[in-house]
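Look at the two complexes coming up: chain A is in both, with chain B in one and chain C in the other.
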Partner chain A sequence: MLKILKYSFFDLMRSRWSYVYFVFYLALGFVLLFLNNDLNKAVITLMNIIIVLTPLIGTIFGVMYYYNSKEFTELLLAQPIKRKNIFMGQYVGIALSLTLSLVLGLGLPFVLYGLFRSTAIFDFILLLVAGSFLNFIFVALSYNIALSTDNKIKGFGYAILMWLFLAVIYDGIFLISLLMFNEYPLDKFSLIATMFNPIDLSRILILLKLDISALLGYTGAVFRNFFGTSFGMVVSMFILALWVILPVFRMNAKLKKKDF
Partner chain B sequence: MIEFKKLHKKFGKLIVLDGLDLHIAKGGIFAVLGPNGSGKTTLIKSLLGMVIPNKGDIFFNGKSVLKKWDYRNDLNYLPQIANFPPNLTVIELINMVKNLRPKKANEKELIELFGLQGFLQKKLGTLSGGTKQKVNLVLTFMFDSELIILDEPTTGLDPIALIHLKDLIQKEKDKGKTILITTHIMSVVDELADEIVFLLDGKIYFKGSIDALKKQTNNTNLERAIANLISKQYA
Partner chain C sequence: MKYLVLIIFFISFNIQATTITVCKTCEIKTINEAVSLSKDGDSILVKKGIYKEQSIIIINKSIHLIGEDNAIIDGEFKETIIKVTANNFSIEGLTFMNVGQSYTKDFAAILVSKSKHFILKNNIVKKAFFGFLIEKSHHGEIINNKISSNAVNETSSGNGIHLWHCSHMKIQNNIVSNLRDGIYFEFVKNSTISNNISKNNIRYGLHFMFSNNNVYFKNEFKNNGAGVAVMFSKFIIMHDNVFHYNWGMASYGLLLKEIYDAQIENNTFEQNTIGINVENCSRVDYNKNKFIRNGWALKFSGGCYKNIFELNSFMYNAFDLSYNSKLNSNRFEKNYWSDYTGYDLNKDGIGDVPYRPVKLFSYIVNRTPEALVLLRSLFVDIINFSEKVSPVFTPDNLIDSKPLMKMIHD
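Right, the complex of A and B next:
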């Protein structure tokens, strides 16, 4: 598996898109710091971008890599390697190279700006951790979709829909249901509904860490009570990890029966 | 050497292999023929473990291959379409495949044979279809395995490369290896094959030497004899 990982990783690290992605984050980091002139504010703006963008890029890279390397995967399948190892290697290779682009692209400007002397360092690290989780989650989800859909166009469509649903539509439904049922106590419901969407979960996690939960009103206080504690933090991290593990699990189950 | 037993495979409603039985002895060149969609590639891919049969079993050197992977170290496979990671160079790809298999490789000889020396540092994405097929051939033939499976090996090759390929196949046969070829180019079959396996409707319709086939169909020309077999499907 490590060999496949190594080659997928190097293959991606050498592709133009990894550079574009890296340079984009690099530019974003510098511009935000230049405009905000404040690490804390830059982290907030960055969060809004990362929370939507990393899932999108992860999704697109995942399906694109799967379909583009289909014939090559077939070549690998004919080699004396376990099926599972081929796909796990590819999956980790993609997720890791995207994570590297994210961490280096954003890390560089922030470190140059004096991150290590700032109090924002923990917020920033949490931001990167959440971003990395989102990479692993969405590459896994998109690989699931690609494995289940042989038609490239359909696979792409489903993957984008999945992203759109989790990044935008889910929040819409969530908000509407909050409005519809605002006569009932909703804090438990909203807490649980957040868990079912990794994008929301990371957003809340970072917002609360940034200590701007006052903006969130009453529900914010409930969230604060839950996520603000180290217990909440552990639970959310656990759920984010679950969001990685379950799709990976399904991927392996699917692989056992798949024809190439 | 290879034994397919009551092999069934369905893709949705389409039955591709319908209780196929086939025994392939060690040594010699076997041409797997049949009309488009007759299950040639499916048959080969089930042997490779890429397609998982619904029923039946496959034995390679007396051992079942289903759900196994290490037996693949004893066979070389040339896939139908050569498409590689565009960002790797030719030499990197060759080294990678070498790295994946615990076996000695003689890629240098083959690189020379197919005139690929000038392409080694080029990225795979920039190569033409024929050159990619040559790289594909190098990857297949560089290992010394007792079974070689070639799926449409002639695609995109120029006449010189084709001659080299034929010589190469002949040479491997002389070493006592078993070679499975699928192709639609009858001249290749005529020139190389010791035995023909003809697939139709998911079963073995004919298995035997070229002469036997010609006799059975009353044709002296192989191409016509094969066409005669296929036309039965259209009738």
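Right, the complex of A and C next:
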């Protein structure tokens, strides 16, 4: 498995797209900090971008890599290697290289602009942790989709739809249900509803650290009491981890039965 | 004529002020004793040392109580330390500590009642319950004092500078911290509050009730539990104040309730949960204020009429404006909005497309506060954008028809 991981990882590291992705984050970080020198403000802007972009790129990369390396994968499958090892190696390779691009691309400019001397360091680290989780989650989800459909176009379509659902449509349904059930106490509901969407969960996690909690009023109190404590932090990290583990499990279950 | 001059000379000689010195080794060892010995116009010089005294009462004596460095009066948490009812007196340079605390009586470091023309200057009050409590007095000056306490909750704490039924007062250069209300005005007229710093108070930095015709300027209000509250008052002028870091569930930079004919100019509101919360206020002019990174820059509730907002800068607030009734006949013009995305073809510095300060999301949040959970979500950005392109829910008439393209610099 390690060999395959290494192979996919270096394959991706050599590929143009990884560089483009890395340079994009690097440029983003520098431009943001160039436009305003305030690290705190830059963290807020970055959050908006990371929350939307990381899942999207993770999804597309995952699907693309699976379909592109399909022939090579089939070749590997003919060898006496466990299926699980092949696919897990590939999965971890992609997710890791994307995460590396993210962490290095954003980390470098922020470190150069004096992150270690700033109070924003914890927010920034949380941001990177959430971004990395989103990478792992969305690559896993897209691999699931790619494994389930052999048709490339369909696979891409489903993957984009999945991203669209979690990034936009879910929030729309959430908002409409909040408006519909206005009369009922909604704090517990909204707490649970955010749990079911990794994008929402990481957004709330970062927002509460950025002290927007005070705006949230009564709901904010419920949220802050939950996420603000170390217990809430552990729980939300656990749920994010669950969002990685469950798709990976499904991937393995699917692998066993799949006829290549 | 000669006799008259002589008589005047004689009289003035006769009542010439003397200075009574109080110290541990002097003939007069307590301030109480000195006060009872003093006559009109006398000065009492308190030398360095700790004096454990309370209830020093000055009645109808125009005396000057002056403390040297480190002249400390320790109230031992028992009572009001000095009570004054007199005209033309002054208290300077003393340090007061450990004022009595009570749930039923308002103990203070200095209680001034029914007095005129007095000066409280350069005093320090530590562990105050009330700092200076001033009632039914006029023409006083409170300058350069430092008042602090360690207030924990509202019921067991007092106010820093508390004025009740006063007029023509001048409150300047004071620092008040960790009290219930920093500065409290009730039924006070024609007074000015300037250059004070009021911070870390558990309720309001400044609390204003039924006090007309007052001016306050160049004050700093920082990190107070609920910010500054100005209520039920007319003809108030507020300018060049800074309200910042009043951040919390029920915090405001400035809370205005039932305010009429006021002017609010050149103030800075930075990082407050709500910059200005406006309730039932009419004919208020807001000019050249800066709203920076607040949760809500402005929040209106109740009937607010004929308010004018001109040349203000709204920068990076989560919400610029929120309201829950119709905002009739309020005018927004020539403000700078950091969210404005319009263009300026003729380069006159004024945007060609009107700006709508109320976004769809702030409208939704007003109806369903829980929806705030979705702040900064992509979906919210999308609906805000579509609402901006073709407004359906947000009111048509609430616009800034001449938004500025560039921030206003002073």
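A few points about this structure:
Here is the rule we go by: the second predicted complex is superposed on the first by the 259 of 260 C-alpha atoms of A that agree within 3 Å, B and C clash if a C-alpha of one lies under 4 Å from a C-alpha of the other, contacts with A are read in each partner's own complex, and residues count from 1 in each chain.
The criterion applied here is as follows: contacts are C-beta pairs under 8 Å (C-beta built on N, C-alpha and C of every residue); 3 or more make two chains touch, one makes a residue touch a chain.
Please read these numbers as outputs of a predicted model, since none were measured by experiment.
In the model built by aligning both structures on chain A, chain B fits alongside chain C without clashing.
Once the two complexes are overlaid on the shared chain, A:L75 sits against chain B while remaining clear of chain C.
Looking at the shared chain after the overlay, A:S148 reaches neither chain B nor chain C. By the document's definition of touching, of the two partners only chain C reaches A:L207; chain B does not. More chain A residues lie in contact with C than with the other chain of the pair chain B and chain C.
By the document's definition of touching, of the two partners only chain B reaches A:D259; chain C does not. In the superposition on chain A, contact of A:M47 is made with chain C only, not with chain B. In the overlay built on the shared chain, the residue A:G172 is in contact with chain C alone; chain B does not reach it. Remark: least CA distance from chain B to chain C after fitting both complexes onto chain A is 35 Å. Applying the stated touch rule to the two superposed structures, the chain B and chain C interfaces on chain A have no residue in common. Note for the complex: chain A touches chain C at residues 41, 47-48, 51-52, 167-172, 174-175, 178-179, 182, 186-187, 190, 194, 200, 203-204, 207, 211-212, 214-221, 223. For chain C in complex with chain A, the touching residues are 247-249, 251, 273, 295-296, 316, 318, 364, 367-380, 382.
Across the complex, chain B is touched by residues 3, 7, 10-12, 14-15, 68-72, 74-83, 257-260 of chain A.
If you check the complex, the residues on chain B that touch chain A are 11, 45, 48-52, 69-73, 75, 77, 79, 81-88, 96-97, 99-102, 139.
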